[in-house]
Amino acid sequence: MSGTPLKELRQAYGFDDVAIVPGDVTINPEMANTDFILGDHLFTIPIMSSAMDAVASPGFSTLMHRAGGLGVVNLEGIYTRYDDPSAVLEDIVSAPQEEATVFLQKVYAEPVKENLVSERISEIKKDGAVCAVSVTPQNAKHLSTIAVEAGADILVVQSTVTTARHMSRSYRGLVLSELKKAVKIPVLVGNCVTYSVAMELMETGIDGVLVGVGPGAACTTREVVGVGVPQVTATLECAAAREEYFKRSGRYVSVITDGGIRTGGDLCKAFACGADSVMLGTPFAQSEEAPGRGFNWGMANAHAELPRGTRIKVGSKGPLQQILFGPTSATDGTQNLVGALRVAMGMCGAFTVKDMQKAQMMIAPAIKTEGKIFQMGRNSA
Amino acid sequence: MSGTPLKELRQAYGFDDVAIVPGDVTINPEMANTDFILGDHLFTIPIMSSAMDAVASPGFSTLMHRAGGLGVVNLEGIYTRYDDPSAVLEDIVSAPQEEATVFLQKVYAEPVKENLVSERISEIKKDGAVCAVSVTPQNAKHLSTIAVEAGADILVVQSTVTTARHMSRSYRGLVLSELKKAVKIPVLVGNCVTYSVAMELMETGIDGVLVGVGPGAACTTREVVGVGVPQVTATLECAAAREEYFKRSGRYVSVITDGGIRTGGDLCKAFACGADSVMLGTPFAQSEEAPGRGFNWGMANAHAELPRGTRIKVGSKGPLQQILFGPTSATDGTQNLVGALRVAMGMCGAFTVKDMQKAQMMIAPAIKTEGKIFQMGRNSA
Amino acid sequence: MSGTPLKELRQAYGFDDVAIVPGDVTINPEMANTDFILGDHLFTIPIMSSAMDAVASPGFSTLMHRAGGLGVVNLEGIYTRYDDPSAVLEDIVSAPQEEATVFLQKVYAEPVKENLVSERISEIKKDGAVCAVSVTPQNAKHLSTIAVEAGADILVVQSTVTTARHMSRSYRGLVLSELKKAVKIPVLVGNCVTYSVAMELMETGIDGVLVGVGPGAACTTREVVGVGVPQVTATLECAAAREEYFKRSGRYVSVITDGGIRTGGDLCKAFACGADSVMLGTPFAQSEEAPGRGFNWGMANAHAELPRGTRIKVGSKGPLQQILFGPTSATDGTQNLVGALRVAMGMCGAFTVKDMQKAQMMIAPAIKTEGKIFQMGRNSA
Amino acid sequence: MSGTPLKELRQAYGFDDVAIVPGDVTINPEMANTDFILGDHLFTIPIMSSAMDAVASPGFSTLMHRAGGLGVVNLEGIYTRYDDPSAVLEDIVSAPQEEATVFLQKVYAEPVKENLVSERISEIKKDGAVCAVSVTPQNAKHLSTIAVEAGADILVVQSTVTTARHMSRSYRGLVLSELKKAVKIPVLVGNCVTYSVAMELMETGIDGVLVGVGPGAACTTREVVGVGVPQVTATLECAAAREEYFKRSGRYVSVITDGGIRTGGDLCKAFACGADSVMLGTPFAQSEEAPGRGFNWGMANAHAELPRGTRIKVGSKGPLQQILFGPTSATDGTQNLVGALRVAMGMCGAFTVKDMQKAQMMIAPAIKTEGKIFQMGRNSA
């Protein structure tokens, strides 16, 4: 009908839109190996904690290390802005909901202190944990130098949207290939959501990409600026780029699905989409040990002019150990996440995460609300 | 856009997503024959009761037999773990909701007693009913020997996901072809949801496959481990395997849709998808005679480390006879299920269940909530 | 993946799923002609009232006639079962909701009286109205003879699902071509929803088909027996059959969309789908003159063994004249239905109903609930 | 199955159905240029205020001018019907909700006064603002003469649906090419939603088309007359027509998405769909300076016989300056709309609005309600 064709719109999918299909072969969950390797580090569970101040502290990194995973601390968060982050955290969670964003804007207006950057890294290293720290692209060059000197093991360069080719008037764009050469430790970069950006990032020599912009189909970035790609599609795209890049270069770059994972089901689907590892925010903010004390918030909330997100109450659901490994009596998928992954791997006949990436999926929207109580169906052990 | 193509996602459908299209010819409901044959047994209604403890007891099997259908008793449930299941059932339904899962985990920690296995089978046989019993694959070899000796007529081997090729470190995988030869009675195996697994199971020589993993798009297995296929798609796949296997081998293996059926409409759709028989849980848990006394729960709830499901209140809606055959004044599809099947067969011109499998269906999502009261339309008798 | 392909499922659409696209040319609403012709009768509005007892009485037929439309009275309803239908109607609307279905089952157990059939027809004719009466296929032969003798002008043969080839053990199937020859008045038959059935019905020589089984995606027939096709798809199919039949035979058979129309928007869409006329239930049950006094119910509710529908409260929204022609201050689409049709015809540049059938439509799901208050947009006069 | 094929239904999309995909290159938001040019006028923000009486007054036009955008005043609204519009506005917002439509019908029954038309234009010009005024097609010829004489800078000809070929019995159809020649100022015409109508309008020589009929998938026009096209699809169509027309003629005609934009996200998506500018109603009705005092309503509400819309409470959210430019602590996308556009342009690497029109989009339905609090994900600054 039109001489000029309409712009093409591809369908995208989120976790709630899909389901994993059991495999032709099944294995016992005990036979599933969940190892994840990054540089010289082997993690027995393919799970990271998000570099959000409500989730990650130096102490939490130690807990993640003991559990076999990886904690990431934000070098531009409360821990490097304040000598006594504990008091600030207490104030944040005590602020009335309607003033929470204003209060966060004020808290994050305080500048980052270089001495605290080194200090926090030392705290983590002292406990023997693998130390991963995150910085924004703007401050990556400067802060990464300090961090490496202080002994950081893994560097995460992260902003809402990161590409290999960012242009700015106010500062010289970060050249990732140079950064990678300079730091000599594994570098993870994100967030990205498309095949082409993931590919360009991989080509800079970095070690992993973080996947997720506006994760969860209803996140605030979608409301405020209209930008976002649901996590199933985003992970599928970046995983396809990883396979293609590996084919071309022989180098394997990790894909880490970051954000939007609330339950064991979501987590299992991320791997079925092709993730090598996942980064969790809210599920860990719900641990008793989380610095957020039952609340969660993102850095973008504190944006002085256009906050994108809000402080939310997530509650405390149990110790980190139980959230990761159970046993549990919760039936909503929020506990025993590693157990859930093993069960799903068993149902799909997956011996390794790499096998799990090959599991079939179908588009099968989850029914919300009511349907629930009448659709329990048969669940034999 | 990507050198490596994205993983393909097929669309899957559940009962609420589809509707049956009336046929080119109609017949009077009285002319519809609903017989279902399994081995030497002819059932006048193609309906089984689920092997859930809240649904099936030795007494319920007798009621199902009298109604023309088949009751299945779980040989690893409360009836074989406890001398006095009645007291245990009373305790389960009396537990406060927030403690229900913990309590179920405790109840099902009690071991199965071999003497009770024989005893329960005798109870069923004493009343002259066809005796069907279910076991998990792990215990199939051992318990089936006892069951056959005690006089069981039909064996059901059932777990959340069952394949012809399961691997385990702790026990030697069950070889279904050997089991089938050993027991000499009809064997039903499940649950499965795909063409390929159904085909492999049929090739082992068994007599029927149970269809349904995480039935109902919102079941807990989906939340906890992300695995599940909606029942319309699952039944279509397994029915296609049955037709193909019959073409190749000349042997007809039954397809039994198990789980997710709440109303007469769902039941009719299962047959239009290709089911030979259906297995019902909640609709029978709602009968006055059900052991669950207005509650229902699955075996997987009681999983010690990763429960997948919860005890739900389903209420008592009437005697089994009325649920199956009416007459009724209920208009929500929960009663007179066989009458509903006959009416649907009439509208589709189906003389037999085999004819009903050929009925056309369309994708026509059910509208929830409000729409209802304004969309009654014309319904002449 | 499967040797035997899966059954194909076509997508079906209801009124809420689609929207009409404005035309390339627009006309003033006053220029739109809404005439509908059936046999020798010309109706100035293409609208019938449904043969439901809560909607249609002999008196209502007169009102419909004066408005330029057509009222249909059910010859197997309360008016022909009871000498004093008014008292019975009063009892029905006074019954408590939980007993409504039981009460309706009792009311409709009373047999039809032949003398009342003639009497009701005389009442309608006495007022000078065109007299349309409806009968079920089972009783069509017998009752139509009485009706024609009493002076009925139009015969409607109607059941939930009607085909040209119905088989029954208990009575000899109705042969529509014979009926048509016998009665010598226009015959409308339904309900049907597919191209093939509409085509076969048209080939019997009848004058119109009623379209709609389980209209509205959520009607009770869907819940109880799983059968139903949403009205947009059903009307598109039957309209395509009409065009094809006209091409082959030169005879034009009317397509009447029956059921599921609640608003002016739905009504306009029915015509854009290809309807020549529409039959309304609930919108007329909401008129002050409706016998149902603010309630509505279908014949199938009263089914003794498997009721499909329930008595619903629809309220009284105004006199029939206002519902059809306005003026109104209601903004929800329930009043001034003919005005709405004229405005839509204007926006589509449609001078006649036949032009309106060619209007473009898009799939554009209506958003329910909240969205509403923020999505009013601009509406200039 | 059918000899005559069914009418084809294309899928249409609204703002809630899509999301913008970040680009391969990103730029700093400060580098984004948001200029919009119409005739000789350059606007630094591509945003107009809707010609609804609750949004636009002569004073509001001045505010829009100072902000860098364009206010449009309705020459057939309250300001030209009443000497003292303030009193009338007070009465409108004080009317009880159930009487609001009746009251609006009465208010808009008062005739337009020619002297007030000139007076209002003078008010706007006196303050040095660019003066844009809107008229309906019926009155376009007459009122535009007065308006141009009084000094109007831009003419908007607007009705719910406007085509280049409207037919009427009561008045000679407006010939847009003649009007354009007569007025000698930029002329915007609407509303339209399809490629073909946009193309025909452009061919008349006018300077811009307003896009949107029943914007927002749930607007009242959809309920009342069934007509409407969601804004994403409508904007894509009209933008494709603009590109094609430009290719053919070398003349660039602006596409202005009008209606259905509630948040920064919606606004950004409109540009990604191809809009050159947007027209906002509710977001501006929510400004403290809006004449509607926290309420909003459309002209079509006041239609004497078939009102399509209702007075809604939208609340007061802050001064216009903050709604457009922030800073804000609101996180729901209703404030700092220009900041949001700059951020989105940054994420898409768009230096200009023309670049932003090339941003990729995906179909990614927003999840309503609950999902929200658990799907915040990571938002780094």
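Chains here go by letter, A, B, C and D, matching the order in which they are written, and residues are numbered from 1 within each.
Assume a residue touches a chain if its C-beta (ideal position, glycine included) is under 8 Å from a C-beta of that chain, and two chains touch if they have at least 3 such contacts.
These numbers come from a predicted model, not from an experiment.
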Treat touching chains as neighbours: how many steps, at the fewest, connect chain A to chain C?
2
Type of chain C:chain D copy interface by residue overlap (half), same or different:
different
Measuring centre to centre with C-alpha atoms, which chain is farthest from chain A?
C
Quick check for you: after a Cα superposition of chain A on chain D, what is the rotation angle, between 0 and 180°, in steps of 5?
90
Chain-centre distance (mean CA atoms) for chain B and chain C, in whole Å, is 39
Rounded Å distance between chain B and chain D, as computed from the means of their C-alpha atoms
55
When you check chain B against every other chain, which residues touch at least two of them?
196, 368
By the document's touch definition, which label belongs to this structure's chain graph: line, ring, star, complete, or other?
ring
Chain pairs satisfying touch are A-B, A-D, B-C, C-D
Interface with chain B, chain C side, in the complex: residues 1-7, 9-12, 14, 16, 50-52, 74, 76, 101-102, 105, 108, 134, 136, 158-163, 165-170, 191-194, 196-197, 200, 212-230, 233, 258-260, 262, 279, 281-282, 296-310, 312-314, 368
Over in the complex, which chain B residues touch chain C? Could you list them?
13, 15, 18-28, 30-31, 195-196, 236-237, 240-241, 243-244, 247, 263-269, 272-274, 326-333, 336, 339-341, 343-344, 347-349, 361-381
